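Both complexes shown next keep chain A, but they swap its partner, so chain B is in the first and chain C is in the second.
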Partner chain A sequence: MPKTLQVKKLSKRFSGLQALSNVNLQLEKEEIMGLIGPNGSGKTTLINSISGVLHPEAGSISIGNMDVTGWKSDKIARLGLARTFQTARLFFSLTVIENLELGIMAASRYDVDDKVDELLNRFGLERWAMDRAGTLAYGLQRRLEIARAVGSNPEFLLLDEPAAGLNEDESENLLQLIRGFRDPAGLGCGILIVEHDLAMIMRLCDRVHVLNEGQTLAEGSPEAVRSNHAVVEAYMGKRYTASDHGSALT
Partner chain B sequence: MTIEVAVQQLINALSLGSLYALLALGLGMVYSVLGMLNFAYGELLTVCGYTMFLLILIGVPFPVAGLVGLGMAIGVSLLIERLVFRPLRGASFISLLFASFAASVIIQNLIKQLISKRPKVIPVPEVFDQMINIGPFQINVLSLIILLVGLVTLAGLVAFLQKTRWGLAIRAAAEDFEVTRLMGAKANRVIALSFALSGFVAGVAGVLWLSRRGAVSPTMGFIPILKAFIAIVIGGLGSLKGAVMGGFLLAFIEVALMVMLPTRAVPFTDAFALMIVVVILYMRPEGLISIKTGS
Partner chain C sequence: MLKNWSRRRVTSAFHTFWMLALVLGIISVAAAVIDDRSITRLVTDFMTLCVLVIALQSFIGNSGIISFGHVAFFGIGAYSAALLTITPKIKAIALPALPVYIQQMQVSFTVAVLMGACLSLLVAIITGLALSRMAEGAMAMATLALLVMLHSIFANWEQVTRGTIGVYGIPRNITLFNTWICAAVVGGAALLFKASPTGLCLQASRDDPLATGTLGVSVAKTRFAGWVLSAILMGAGGAMWAQNNLAFGPNQFYYAETFNLLSMLVIGGICSVTGAIAGVAVVTLVGELLRGLENGLSIGTWVTLPELPGIVQMSIACLIIVVLIIRPQGMLGLNELSDFVYKRRMTKKNT
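Showing the complex of A and B:
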């Protein structure tokens, strides 16, 4: 049976602020799920909780039949979960190759050198292989971070705003790459993607989960979410009427 | 100054520099991985020294005693990690700092109670005091040994950090520990390895330090940790390359001052050296190598 990433009744509080409240989410393998919501709605907190960077106060997270709630992030990574950050967090003083090697190390069953070559090729990074990550242009840094994340052949991949700061061509390339990760002939992984580029989300995702003020506002197909009144209101404010909202989230 | 004297002083500076660089690398390694200064680091040299003292007392030859001392330094470093720092993982910087001071005081007092409060002389091989002639230059044997052992150890460590997968994990953890964990690297192992390497470096430095001093005392770890601390601050806290550069720079400043200062001012060498350090930090507050920019 294919694995599932399951989040049940997850809650997280930062001193006075309820960042997440009773969030339920289920991600299957070979599925792309969009995670959207206004700024401060808890998207990054959810990704941080799933990847073990933060520990929730209540609720549970499981991968397959393993309950990973409260696990350290390295243990969760070894179970097959990889992630990227809102602003690329590379090892800037290390070379492109070294960054990729570190990504592959989590899944040490591979021959590291072969895998590095494959990643360099697949992500078009060969020219910069020996350059330090800190010297790369921003778009390349983002690409390297994603390459490093998929280097471990994860079963689930969490992408936090991967298209932020990319131009149109780069975004289009990214979109094709992400589709490739989902493809069973490629990685076949389940992907949770936080993105502000709603057009991209609508084109890419099988399902969309909408958060607002730490709570689930809606979940469903891109079409269903796009025409959801509460979602449009959260994004655009109450002034928008039902007749406007069909085009508000395109 | 004649060319002969200049070369001799250069060897002295390089010799002292490789010793300081080793000390700084050992302290800097744990700092860069854990973000914490291990003030019990100096006591690793003390442990190494007293192990050698006890062994030499019962007739063990100096080199063998040195190797066992080195092993003890590694063992005690790992023990400190396991007993003091691992239970406090995630604690605040201040808690860790006090814990390391506590470990330092405990080790010092154990030595005072179990062995002696007073300094003890260690007989070092006589060859250390001899001079050898290399071309027109007369060089002190011990300076040469320190230089060679220091450089070989540094080269070995650099090769380990650059060429092995564990070395890569340490360099990655030194830059961003959280992301290194997210790569699946086992945090406890990376940290334990950094303590083991730190202990190894402290052990090597301890043997060399003792060879210069020829005596052990319960507080002998203070000066080495002070020098290491100054070196990593000059080099840029958190940068391993900076730690090595800082060590050499500090040694060059000290030797240059000893040569250039008038005889009456020589006792104040350290004060003058620290003034120069302040000037360096005034111009480059992040040290020679900034870990933010990596340059």
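Showing the complex of A and C:
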């Protein structure tokens, strides 16, 4: 039976602020789920909670038949969950190769040097192999962070705004890569992706989960979500004027 | 487990290792050829300091957490070497309260160094279990507490350490050859650790502990490993030091020595084993050059420089400030000796 990542009734408070309340979410393998919502709606908090960086007050998280609620991030990662951060968190004083090695480490079933070469090649990072991560251009840093995350062949991959700050070509490239991760012939990952570019979400995702002020507003196929009025209201209301509703989501 | 070892990094560590061992070897051979007592003493002091600063580097450099407590392991190594190498005759007079089997024991240089390392290891395991679970800042402060704790033990456990009076009569077992071997072995161990998967994880946690955790690495376990390894090396260094210094008291393992070792490391480059050695070399040279000035100097009959006590200390302090301004990461920065050779080769390939 294929594994699933299951989030049940998750709630997280920051002192006075309810960042997440009662969020349910289920991610299958070989599935791409979009996570959208206005700024401050709790998307990053959800990813932090699933990956063990934050510990929620209520609710449960399970991977396959393992209940991982309250586990530390390293233990969850070893179970096959990888993530990236909203702003790249690389090991800036280490080289590209060393960053990639660290991504592979959790899996501990590869020959490190061979696997690093493969990743360098697949992500087109050979030219920078010996450079320190801190000296790379922004787009390359993002690419390296993703390469590091998939190095251990994770079963679930959480991407927090991977396309932020990338130009059009780079975004297109990224989209192809992400599709490749999902492909059963590749990693067969279940992917949760946070993204503000709705056009990209619509093209990429099998399902979309919408958060607003820490609560689930809608979940369903991209088409269903696109035509959901509550979503248009909440998600777009803050960014666009009412007259833009029609075109905003196309 | 061996699967996570990268041939690339082990190879480059090995290159650095043989180059450093060669340089240290040349220094030893040169001193042996010159065969002057004060030069020999200078070189054995230098090698011993190299061991101590490399040991310090292997924790501070890789973890990025400052430790004020390592001099405690230095002391543990020194006292264990003293108790194990002083002749039974002197021990009977100076340390009559020692258990008989320790009183009658007298071991060789190598055994004393190994025992110093083992005792340090024990204390490091006990303290490390607590320390490695702390946040970075708290851990640094706790190492300071460790220094104070061990110092009060050294200063008050009179049956074993003779308290503030200190111990004496340690045989001078050190030679140019065995200090060189120790410095090379300890340097090699530090380089190998840095190249190991655990060492790499520790360096990752230096940059970003949170991200290190999300890659499946237990930061606490990694820090524990670094702590224990560097304590072993420090204990070995302490045992060497005792057999070079012959008599000492508890105040030699306190703030002054902590800052002395830290200053060498900061000048040379915290993140680099090569840097640790370079830092010791620079501070030793500056010290030697200025030592004359400290006692006053007469040039001919006309010019007489006054005594300048403290000039060495002050110059080293100034040196730290200058290095921190010009190269905040120390002289060597993040580089090892092999990086200079290696990098040039890589760039050639690419162009």
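The definition used in the following text is that the second predicted complex is superposed on the first by the 241 of 250 C-alpha atoms of A that agree within 3 Å, B and C clash if a C-alpha of one lies under 4 Å from a C-alpha of the other, contacts with A are read in each partner's own complex, and residues count from 1 in each chain.
FYI, contacts are C-beta pairs under 8 Å (C-beta built on N, C-alpha and C of every residue); 3 or more make two chains touch, one makes a residue touch a chain.
In this text, all values refer to a predicted model and were calculated from it rather than measured experimentally.
A.B. asks: When the two structures are superposed on chain A, do chain B and chain C clash or fit side by side?
C.D. replies: When both complexes are placed onto chain A, chain B and chain C end up clashing with one another.
A.B. asks: Look at A:M105 in the shared chain and tell me whether it touches chain B only, chain C only, both, or neither; answer first, second, both or neither.
C.D. replies: Once the two structures are laid over each other on A, A:M105 reaches both partners.
A.B. asks: By the touch definition at the top of the document, which applies to A:I97: first (chain B), second (chain C), both, or neither?
C.D. replies: Second partner only.
A.B. asks: After superposing on the shared chain, does chain C or chain B touch more chain A residues?
C.D. replies: Touched residues of chain A are more numerous for C.
A.B. asks: Tell me which partner A:F14 touches in the superposition: chain B (first), chain C (second), both or neither.
C.D. replies: So A:F14 meets neither chain B nor chain C here.
A.B. asks: Would you check which partner chain A:A77 touches, where first means chain B only, second means chain C only, and both and neither mean what they say?
C.D. replies: Both partners, chain B and chain C.
A.B. asks: For A:Y138, is the partner it touches chain B (first), chain C (second), both, or none of the two (neither)?
C.D. replies: neither
A.B. asks: Do chain B and chain C land on any of the same chain A residues, and which?
C.D. replies: 51, 53, 72-74, 77-78, 82-83, 85, 89, 91-94, 98, 101-103, 105-106, 112, 132, 148, 152
A.B. asks: Which of the residues in chain A come into contact with chain C in the complex?
C.D. replies: 51-53, 72-75, 77-78, 82-83, 85, 89-94, 97-98, 101-106, 108-113, 116, 127, 129-130, 132, 148, 152
A.B. asks: If you look only at chain C, which of its residues touch chain A in the complex?
C.D. replies: Checking each residue of chain C against chain A gives 1, 3-9, 197, 200-201, 203-204, 206-208, 210-219, 271, 334, 342-343, 346, 350.
A.B. asks: Spell out the part of chain A that touches chain B in their complex, as residue ranges.
C.D. replies: 51, 53, 72-74, 77-78, 82-83, 85, 89, 91-94, 98, 101-103, 105-107, 112, 132, 134, 148, 152
A.B. asks: Given the complex with chain A, which residues does chain B contribute to the contact?
C.D. replies: Touching chain A from chain B are residues 165, 168-169, 171-172, 175-176, 178-187, 291, 293-294.
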